[in-house]
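Per-chain residue numbering starts at 1, and chain names A, B, C and D are given in the order in which the chains are listed.
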Amino acid sequence: MKTKVRVAVAGASGYAGEELVRWLLAHPVVEIVVVTSRQHAGKRVSEIFPRFAGHPVAEAISFSEFNAIDLAQAADFVFLAVPHGVAAEFARPLLAAGARVIDLSADFRLRSADTYREFYGADHAAPELLSDAIYGLPELYREKIRPAKLVACPGCYPTSILLPLLPLLRANAIARDSVCITSLSGVTGAGRKVAAEYLFAECNESMRAYGVPKHRHLSEIEQELSLAAKEPITVQFTPHLVPLNRGIITTIYANSLDASVDKIGHILNEAYANEPFVRLLREGELPDTKNIAGTNFADLAFRFDPRTRRVILLSAIDNLAKGTASQAVQCLNLMCDLPETTGLL
Amino acid sequence: MKTKVRVAVAGASGYAGEELVRWLLAHPVVEIVVVTSRQHAGKRVSEIFPRFAGHPVAEAISFSEFNAIDLAQAADFVFLAVPHGVAAEFARPLLAAGARVIDLSADFRLRSADTYREFYGADHAAPELLSDAIYGLPELYREKIRPAKLVACPGCYPTSILLPLLPLLRANAIARDSVCITSLSGVTGAGRKVAAEYLFAECNESMRAYGVPKHRHLSEIEQELSLAAKEPITVQFTPHLVPLNRGIITTIYANSLDASVDKIGHILNEAYANEPFVRLLREGELPDTKNIAGTNFADLAFRFDPRTRRVILLSAIDNLAKGTASQAVQCLNLMCDLPETTGLL
Amino acid sequence: MKTKVRVAVAGASGYAGEELVRWLLAHPVVEIVVVTSRQHAGKRVSEIFPRFAGHPVAEAISFSEFNAIDLAQAADFVFLAVPHGVAAEFARPLLAAGARVIDLSADFRLRSADTYREFYGADHAAPELLSDAIYGLPELYREKIRPAKLVACPGCYPTSILLPLLPLLRANAIARDSVCITSLSGVTGAGRKVAAEYLFAECNESMRAYGVPKHRHLSEIEQELSLAAKEPITVQFTPHLVPLNRGIITTIYANSLDASVDKIGHILNEAYANEPFVRLLREGELPDTKNIAGTNFADLAFRFDPRTRRVILLSAIDNLAKGTASQAVQCLNLMCDLPETTGLL
Amino acid sequence: MKTKVRVAVAGASGYAGEELVRWLLAHPVVEIVVVTSRQHAGKRVSEIFPRFAGHPVAEAISFSEFNAIDLAQAADFVFLAVPHGVAAEFARPLLAAGARVIDLSADFRLRSADTYREFYGADHAAPELLSDAIYGLPELYREKIRPAKLVACPGCYPTSILLPLLPLLRANAIARDSVCITSLSGVTGAGRKVAAEYLFAECNESMRAYGVPKHRHLSEIEQELSLAAKEPITVQFTPHLVPLNRGIITTIYANSLDASVDKIGHILNEAYANEPFVRLLREGELPDTKNIAGTNFADLAFRFDPRTRRVILLSAIDNLAKGTASQAVQCLNLMCDLPETTGLL
């Protein structure tokens, strides 16, 4: 029998952490050895998350306090599901102690500490690590993720935006200053944040835009678009909160540069035909979150509007899965030399 | 005591008709004298719509079959809440018999029978009436609505789009070829259409774009924008279906032409400061459907993004109220020389 | 023009208070003169509750701190929408200063301070007032409410339970020890309580019983049943939390004592045929919260099961309306000698 | 490599069939070889159910018309996910042709054709098969399911009711004539039935009882209770429709016969401590559908009310999983001599 990959999860009390635990418990080659949470320290995982009751690991393991040395000793890989700011503080001693770190927060997504300060309003706690961190979008950085010591999992909105947009940008098929993005997110996107605005009766039968015009995720979206375009790209982005649990729908407008239906289809097909988790929808189909909820899939579609000469790109992902936790597991698989789809299909 | 305004509702079996009946039953100066529905003919209104049980009119009136002569005799105003195509057929004999008609369908919104054919896929049944019909957006055509014989109530999406966009277009504050619109609608927007795609479990925990890239409402949106701009305007528009009952959120992007926060605010304030049903939100606030559900209000906000030099316009309306039924009542009030807010606040 | 009834609302930051303000703003004979909230003191009502934006009173009035002397001077009637415990403390000086008090909390619903302590876990803050308080269920205590100085509005579950059950109990039609009650409530029933368990993603796609087997509302349910039966009555009651905003569905089982469909129908008809806000559904109909949401109606139905000789009673109310705020306004109307339906239909 | 178990699914166009396909596609030892649907014949499975896109089997297999000979030849096991009435017609030739049949409809749940006629309003199409059919509740009939040729999977409500109730009934811990059951179900429980009452806007923000007082599932509930009690048992049962996709919550009242908390706990523990899919909740916990959605678990809890001497039993299952499809797979595992949890954890 193959030795299991030993992993730890730091900060498993939020939705991202709980979802990550869900994927890891179901993973055939992974063994969760430590789970930390200051809030729940001493309590069994199955007690805090009754959905995992009966699972031998969830019954056996109790939350502990974070201790970098212990974690690095017990686990080969440590997932950080703590808030940004904290993640940077935790990563440094973990890396120093030899652990490989997969961070679900925003702390290592940006290459520039200045951009971090601009968008997150605080100095970065471990700026010296930024240059080593790999942006954990496997479809983009697969080969760099494999040997990485520190992987920064992309934000949920950026994942839904970069996947459809990057190939067209790289192919020079769209006008770079014309990109307008609207995203809709389920409420788990806000995390398990106990605030009045996320109470059931404040979100149910409610829709609203927020973070207009400069949502934090713009920083990583524009960073990755600019890297692909080899020049600074600025885009418009408006997220909306919508009353469902899971899922993101993204709709992107861009002026086409000599694009046609065939050409766009060809570009996307070249990029994703062999990707296990990106599905190009059939003609006539449009992304719907119900088709990807609870999965690691990203569903993509596009339209070309001859009236306006614009390309419309549409995508759907599960914000907690391909947008967070299962994408982190996809990175883990790459880092372990496991088949990339292990535990994800 | 003042004589009541006698009204009839043709086709009150759908959501628009039911909502219209709700507003009319509560209207202090209106008396519903006839309600028609082929499907429900012979049944009492309170039986088909148990929410109206106990209301003396809903208990007294039964649905009848449509008969133009009878309706025109019994009522001064006839609302048409029938599907497009049928509305045009009904309107002609009603008008001939002297009734004033308020149509909630799409049949009389367009000035061109050709555009109607292009977007609705059928010849118009009463093209000779198109030139007399008034587009029933009171904030735009108040004075023309007052004496009108035939009012075409705007679509729900167009109402949410034209209100924020028209003033900026008229003021030449935005680039006319740069307008990109995303709308989110609750499921009543699809009407009480018995189709698998609108079943609870197909819509709940689901989000999806539809009608991409050429939704029917584009026809009236572009017509009214072009009239305001005095040149043909083409825009991008993508509606999305979202799991709640009522409400539309619209987010519009446009490149600014020497716009600034102050200037945009001034333009919108000039347009709407005295409008009883358009609310310009305070700084820091963004539209949320829960604040306008069940009301005739349209909530508007805007942002100027200095990074992109774009204006972002945001609006919220109730698709069944300001987007359909209560806006029709607002038109009725104008046509009756009643205070415009009667029965609406 | 008639002088308006001057009212104050103490503690208008929760759902009950907000809903009460909604009903009072729409009331034709009421003028809100003071609204208090420690949390929101100094802010305009329209700022805290953007749905009221544009309403002249909501724009004019700002929240103030509670001061009994000031309130009693400014208003003839003071509504208490503060937590239990606080309400008792507020009521004493208000009554002493001459105000008539309508309390939406649980503080004055029980006649016994001992029962209060048993169910609410604290000594009552003003036990000397319990004997003067009138239980504000108009269908039961209409004549006592009219002159009352202190009215205790019933809880939402009790309203949904007492209305169908009391007539059968009084008529001796059911076995008194056989009553089993199940209720389902929307999430606003929990109030605007900022706790993790009421976050959107914890309630959406979730259902659960709670407060088993001794929910606090049992105290007033059993008190009123016992008073009607002239002997102590004990019942079974289980509330459930269900993912919608507003509404309660109650289903009651009781063994029949020589009951028949005709007899039960006769008893309920005798009790409620002339009640403006209790609707006995037609044969074949069952209560549905969507028919009463936002209204002061209670919809009742019943079935007799010949297989088990049990009566099944079913009811639907809006927990925030007939279950709280509009029922309080119904009491106010009685206390003011206004027609009972003023502002409620 | 082990040979796969070849299965066919007849009638995979509804929610039960789709969910069954979902579980079977993920099953490590099962191979779906045929899927039938008159409505979708000729279309690929991935086309009708886009959530399965990318799965090699869903891409490879197209729906065919039902043909008993072909199915029995291609598959060792045939699941019937067709309406009751049709299932009985399909089962006969399948069994004759040597297939083992797992029926998800109600057709083979009852031992008496008379009871079938009473509750389903039609003569049974294959009454001679009733005596051979095994009621597919593994926790009750595990050993009979293993060799069965024809398994009738229990209804969703009965599964949620029988699991908590049977042990107490067998132990003579409750009064047999005192059982009152209330269940709450998500809307998928109604199947993918295209009817106005199941439209999103008719179910969202709605709750309602239905099927009062004699829902069809009573027939199998009372059959199994009576078999366990060795005398005829009649119970009260009221289902409610609640606005979520998946899940059933059941709350049962019964008068205790010398029961105590310890005794009830002991009885349930004896029954289920070793069951892989029944979870007895910890003290203080109550069932919540969100903990079992998408799983084969049944969560059980109980309370003893010393005030009324009643036992309250509470359960949660996923109506489409343990209530239908995954329970059918659990039966399949037993029939194949596979570990019972294969593909289910």
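Observations on the model:
As a working rule, a contact is a pair of C-beta atoms (placed from the backbone, for glycine too) under 8 Å apart; a residue touches a chain by one contact, two chains touch by 3 or more.
Quantities reported herein were computed from a predicted structural model and do not represent experimental measurements.
Between chain B and chain D, the least number of touching-chain steps is 1.
Most remote chain with respect to chain D, judged by CA-atom centres, is B. Between the CA-based centres of chain A and chain C the separation comes to 46 Å, rounded to the whole angstrom. Measuring from the averaged C-alpha position of chain A to that of chain B gives a distance of 39 Å. Computed from the mean C-alpha positions, the centre of chain B lies at a distance of 36 Å from the centre of chain C. Shared interface positions of chain A, i.e. residues touching 2 or more other chains, are given as 186, 202, 204-205, 243-245, 288, 290. Shown here, the protein chains touch in all possible pairs. By the touch criterion given at the top, residues 180, 182, 184, 186, 202, 204-210, 212-214, 234-236, 238, 240, 242-247, 249, 251, 253, 286-290, 293, 303-305, 307-308, 310, 312, 314, 316 of chain B touch chain A in their complex. Partner chain B is touched in their complex by these residues of chain C: 47, 50-51, 53-55, 205, 276, 279, 281-282, 285, 288, 290-292, 294-295, 297, 299, 345. Interface residues of chain A, counted against chain C in their complex, comprise 15, 186-188, 192-196, 198-205, 243-245.
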